[in-house]
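Beneath this line is the structure, given in structure tokens, with notes to follow.
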Amino acid sequence: MAYFLETLVSGLFAGVMYSLVAIGFVLIYKASGVFNFAQGAMLLFAALTFVTLVEKGMPFALAFIVTSLVMVAMAILIEWLVLRPLRNRDPLTLFMATLGLSYVIEGFAQLLMGMDVHMLDLGIPDVAVQVGGIYVSQFDIIASLIALTLVATLAIAFNKTRMGISLRAVAADTLAAQSIGIRLPVIWRIVWSVAGIVALVAGLVWGSRQGVQYSLSLVTLKALPVLIIGGFSSIPGAIAGGLLVGATEALADIYVGPLVNGSVSTWFAYILAVGFLLVRPAGLFGDREIERV
Amino acid sequence: MTVAATSFLEIQNMEALYGQAILAVRDVSLKVEQGKIVALLGANGAGKTTTLKAVSNLLGPERGKVSRGSILWQGEPVSGLSASRLVARGVVQVLEGRHCFAQLTVEENILSGGFVRKPSRADLQRDVERIYTWFPRLKEKRKVKAGLTSGGEQQMVAIGRALMTKPSLVLLDEPSMGLAPIIVQEIFEIIRVLNSEQGVSFLLAEQNANLALRYADYGYILENGRVVLSGTAEELRAREDVQDFYLGGADLAKPH
Amino acid sequence: EDGTGQQLYPLFTYRTGPYAPSFIPFGAGNIDYLRYINEVEGGVDGVKILVQECETAYTIERGIECYERYKNGYNGALTAAIYPHSSGLDVALTDKARIDKIPIVSPGGGQNIATDGRVFPYQYPLVFDYWSEAQIIVDYIAQQAGGYDKLKGLKIATLYHDSGYGRDTIEPLGILAKKYGFEDIQIPVPHPGEQQQTQWQQIRRANADWVFLRGWGVMTPVAIKTAARVGFPADRIIGDIWSGSEDDARPAGAVAKGYLAVSVFPPGTDYGILKTLKANILDKGKSDLKDNSKFGTVYYNYGVIEAITFVEALRTGHKKFGNRPLTAAEGQWALEHLDIDQKRIAELGAEGLISPLKTSIDNHKGETIAAKIIQWNGQSWDTRTDWIKADASLFADVIKAKAAAYAKEKGIEPRVATN
Amino acid sequence: MTTLQESAPSKPLRQPALGVGTVAIITGLIAAFAVPALADDYWLSSIIIPTVIMGLAGIGLNLLMGYTGLVSIGSAAFMSIGAFSTYNLLLRAPFLPLPVVLIFAGLIAAIAGVIFGLPSLRIKGFYLGASTLGAQFLFEWLFTNFSWFSNDSQSLTISAPRLQILDYDLQSATGRYYLVIATTVLLIALAFAIVKSRVGREWMAIRDMDVAASVIGIRVARRKLLSFGISSFFLGIAGALWAFGYLGTSDAHAFNLDKSFQILFIVIIGGVATIFGNFLGAAFIVLTPILLHRLSLIIDLSFLGDQGALANLQHIIFGTIIIVLLIKEPDGLSSLGRRGVEALRSRARSSN
Amino acid sequence: MTGLLELHDVSLSFKGVRALNALSFSVAKGEICALIGPNGAGKSSLLNVINGVYRADAGDIVFDGLRFEAIHPQKTAHLGIGRTFQHNALFRRLSVRENVLAGLSRHGNASFLENIFRLGRDGAERLGFLARAERTMSFLGLDHHAGKIVSTLPYGLQKRVDLARALVAGPKLLLLDEPMAGMNQEEKGAMSRVIREVNRVFGSTVVLIEHDVGIVLNLASHVVVLDYGRKLADGAPDEVRKNPDVIAAYLGMVH
């Protein structure tokens, strides 16, 4: 039982880590209907930029600000070079473009900053302490707090602010949004910038776990089932989906894995997600596609 | 009238293309004077929508462009202004068909129209309430996602949203399409009120020529992308050819 | 360019993807040594070496493409041997290599069963192999426990990279477990290994005494970090030779202190050949390294060692066939008759870097297999033990039997060892 | 209503198929005789064969995505099923001739396709796309975790046990080329037959507006599953050819997510809802990296420092080309071809 | 009352919105019945319930003697219910001919293998389909546009293609959702004639939603008025027009 609990708890924490990555996706999807596969590459890029600056002797806070600015610059470039020429194109084309983009960003990240493994120490102890029979690390708690804060802030921003409404309006109907004076380029730049900064946060958390290196860009694949379950367009869904995926995946790995001689973590979350979709076709909190005839 | 006569919106010999090759508007010249309601009539595919989009700079997203001629808004070429700048300068278009933001609630849709002006919270709320007094039906549905409302309700949302920008010229594309007669009348009454009380001008594309000419001051008739006829509303209504073609046989035209 | 008169060295790279950080220094070690041979020594017995890169991204599929591209040489330069830099690819190429008659060389990796050169004429798991590694690990643990008899009841968990490379120790550990009575726990980590929470929980739950970490790339630092999170002590984890570089331990941060690893490619710059390379290549700005601090690291030195085996094989071949580029058939003969003895090692300036290597038709791996155990002190590696030799007789029968079975299945007539 | 049924159609039934037909025959003849004679081994086995096979895989996905409007990001999984089925059938049922094995392998993939197509009855768009990743990861895992599928080979690789038809050995580059090209030609013909049939029309109807399709009586669910089945059939055979007609040796990871993305690129870049466009897309995917590599040999790029930088530069260029193509050729490369043909035709006309 | 179509206490709601509220009425075989009412009254929803796109919460429907509570849209097609849509629901990237041919799907009985390999029943089916499609297209004056992709056609023509697609299968009941929206008077007149013709020549019963009251009163023999999902009036056109409730809720002031 204790073991079960422990697995569950550590799964939940792992889920929070997935959520951190998923949030960036949701942002862009919600505000532009683009399924941004380059999110992983952005994460890598942000984290690499950050450690490179830190290794050059920059203090953490400054490095964070500078990296954020770099991500904003990147957002502006992406809007200008990719999104604007592709506006009003079908979502699949945009998805493919973000795939192309991920090659470009990954390439640049490594071209500019090398392929070494960098150590990143955020100064948060990542050693387990026993709390009521289960091991928890301070790092997990802080990561969860970060994720929750991000989610809360972004959810409020999206639902309550003018900017949020404009973002959603653009995603719903770009032409109509333009017709009432919403400026698409501005909106896109903002969303991609915010997504870039979220990527930086996620990149730092993940990077301090596994070192900052190419593999960071692969965490996208972990975030996808989270998105499916939570709903592509729901920010709270990213958390809910993350927790669900994290917990069930951990349990499955422990209890099912041995039966099939191996770890099931590469696919389990996906199959779970498919099962989930059969019951709720737009995920837990996603907007159902509105189709009226 | 004399001051206002300096033209507000002026289109000169405009030609418009879609995707480099499809000629949608061949030669359109028209004028909207301040404080007037101008009707743009014509059959399906005559080029009404294209003309309106050319004015509001929304052809770009459809891969269309103005290839010849000019469009002047208060003496300034619109080509130099972005769609959003135009809105800020008082030109707003209500798109044909129900282009509302499906995933946003009715109220959010309406609110979104107010953002360009950057009003205060209180002002924004007051403006929304004003829209609700015109379209009480929308108030009932304020929390409903716009995509789930009926066709007519969506049309009202689109108009209400555009009015939120406090325009001085509204480009209204087929407002009557799919609306119940009572709503159509309401909408046209609202147009009249806005026009007379607040001096808002309208350029109105309509199939229902009969109705449009009843409210308009002036009319243009398009055929195959050309202006073939223009005149004051009374003149047009009086002409026999117009009667036959656009106002329909008397039996069908009169609602009762 | 024209390669006529040159010897081709098809360099299978993975400069992109998750394993690039490992490859980059060992690619550089290779290239630097060959540059040195070409530019300072004027080639191998006068024969210049043409290096052609081919990116495999550590995937088998692309590796096969690379193999196809270079198996027949390049612009007139001849192929004498191919170094796939991946055990999985090594295995995958077994059949093709037999048909095409191209030697496949995997120093420090490859398949142990191919030690039997009578059945595997084209496979060369030179220097070291993972079965021996398993043996050495068990040896070390026994040493720590106070003797082989103390192994009984111990629990040794192997956390392996789920690939051809990673799976290679399952069988020998099974055999060893039976022999010594320890409990053998095998836990796979899916590629690339950036999440290992549940695996480590399993390890803790099983109350493992030791963990044999058969990692690769990002898997290693994540393993060390995750171990710390579940409270598993670092000094009870013994890394594989590919989990034992500076880049494996350093990113894990402070918790890596005490982490152990098997070492066959000793780090350091204090060897004659490294000094030569530094003077002739590195200091002249001709090194393939971008980051000179990687000079003398585990992976760099591995690259140098690998290149030495290639060059020495060519030399062996030249003695028999004359000083000209070797064909694959000649390369195969040469690889089978390698004899790098202490004297030659001294001439090479590689004392302490490599141990003697002598191959024969019977033994494609080399006769003595040994490794040291090293420990991470937070900054660098300290050597913990002297060379621990793997007892070749232990698996000899198993290997023979397996090879024979393989030969039977494939219809291969084992060669007779006549010299 | 009977009156409507009886009278004869007012227009000829068949559209003039002359153009397509002749082009097809000429291409076929070139493929059969000229190509193997002109191309050397390297070209044949490293460029032409993979292009053709990937084009075939593209057709597979295009039938699903371009014609039925169902997005799949897991196409490579069905290729792997085809490859592993072929391997096991050849190994375990030695009496079966190769063509029969290929068809069976396609059918096995088709069954898997139908099963993994079931979610499409409930979900759409990216949700569906993302859920097909389930197939992608599940099969990659299945074929690596259960060594039975690779006959317990230690590296979990499978290699062509025998590649022959009626004692004619197809191991050589030319032999493999003939195997690939013959299979592909047959499957292209099949693809055309399908999309021109009622089935194809109903697929497109579902793609364009599924509610309306269902309201007019199209059996939407069955048609979607059929589409998954047929698409996977093509992919399965393409997978078998990839493993044995091209690589010779393969493993489950050869059919990883990257391959699925490549197939997606082929469809989008080649042209959605086209058949021949897939081969243009495939040529792009196969040739671009090779050309970039060649280019790097010609142009002096030493200022970049090292080969790793070069690899990254190639990455960047590849990504950029993809984006540029998406921007400049919204309808895919096939429209480029169509424009070319039109230009030629109009020139021919004007010179008359 | 026995009609071709009968509704008994049909209700439908969406998250609190009552789109249909215990609605009952009957449509006689062979008549043209108009459905009018304010926007959002539930007219389109009603059509959607009848042909299975929506599932009623309560009540049942009798069509041609068959009683059902919920039905799959495909099934309704096979029963002989045809339908056009308020918002364009054509197969955008297909030609006019293909759109119309698709409308015949319910008559297809060749298996997919026969269809693909052009075996067995496919030949007859193909010829039969083409013949029927051509007839329908020429009946609606679409023959000159047969090969065009529908998304390139003007709106009015698209509406006609929609009608052709529904008509080609020979429906017993034809549900038309605002077939004349966005047309000018002349086009509306033409469309009215077509509908009357369809009703007369093919004997299809028609249920029609239309906001142009002039047209409706001219065309329909039976008018049902909905408001807030309830039936406000039901009867002959002239009665309905004079009904004060209808004037207040729908027609508005007479100008």
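In this document, chain identifiers A, B, C, D and E correspond to the written order of the chains, with residue numbering beginning at 1 in each.
Throughout what follows, a contact is a pair of C-beta atoms (placed from the backbone, for glycine too) under 8 Å apart; a residue touches a chain by one contact, two chains touch by 3 or more.
By chain, UniProt protein names: A, D = Branched-chain amino acid transport system permease protein; B, E = Branched-chain amino acid transport system ATP-binding protein.
None of these values were measured; they are calculated from a predicted model.
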For subunit C and subunit D, chains touching each: A
Farthest-lying chain, centroid of Cα atoms versus that of subunit B: C
Relative to subunit E, chain with the most remote C-alpha centre: C
Interchain centroid distance [CA atoms averaged], subunit C/subunit E, Å: 74
Centre-to-centre distance between subunit D and subunit B (centres being mean Cα positions), rounded to whole Å: 48
Distance from subunit C to subunit A - Cα centre to Cα centre, in angstrom: 37
Rounded Å distance between subunit A and subunit D, as computed from the means of their C-alpha atoms: 32
Sequence positions of subunit C contacting 2 or more other chains: 15-16, 20, 24, 162, 190, 290
Sequence positions of subunit A contacting 2 or more other chains: 110, 115, 262, 266, 292-293
Residue list for subunit B, restricted to those that touch at least two other chains: 148
Partner subunit C, residues of subunit D touching it in the complex: 42, 45-46, 141, 144, 153-157, 159, 247-251, 253-254, 256, 305-308, 311-312, 315
Subunit D contact footprint on subunit C (complex, rising order): 13, 15-16, 20, 24, 27, 53, 55, 59-61, 64-65, 68-69, 87-93, 95-96, 111, 162, 164, 167-168, 190-191, 288, 290
Sites on subunit B touched by subunit E in the complex: 43-45, 97, 137, 141, 144, 148-153, 155-156, 174, 177-186, 207-210, 245-249, 251-256
In the complex, subunit D residues that touch subunit E: 1, 3-11, 13, 190, 193-194, 197-199, 201-202, 204-205, 207-209, 211-220, 226, 273
Interface residues, subunit B side, partner subunit A - complex: 56, 58, 61-63, 82-84, 86-88, 92-95, 99-104, 108-109, 111-113, 115-116, 145, 147-148, 158, 161-162, 164-165
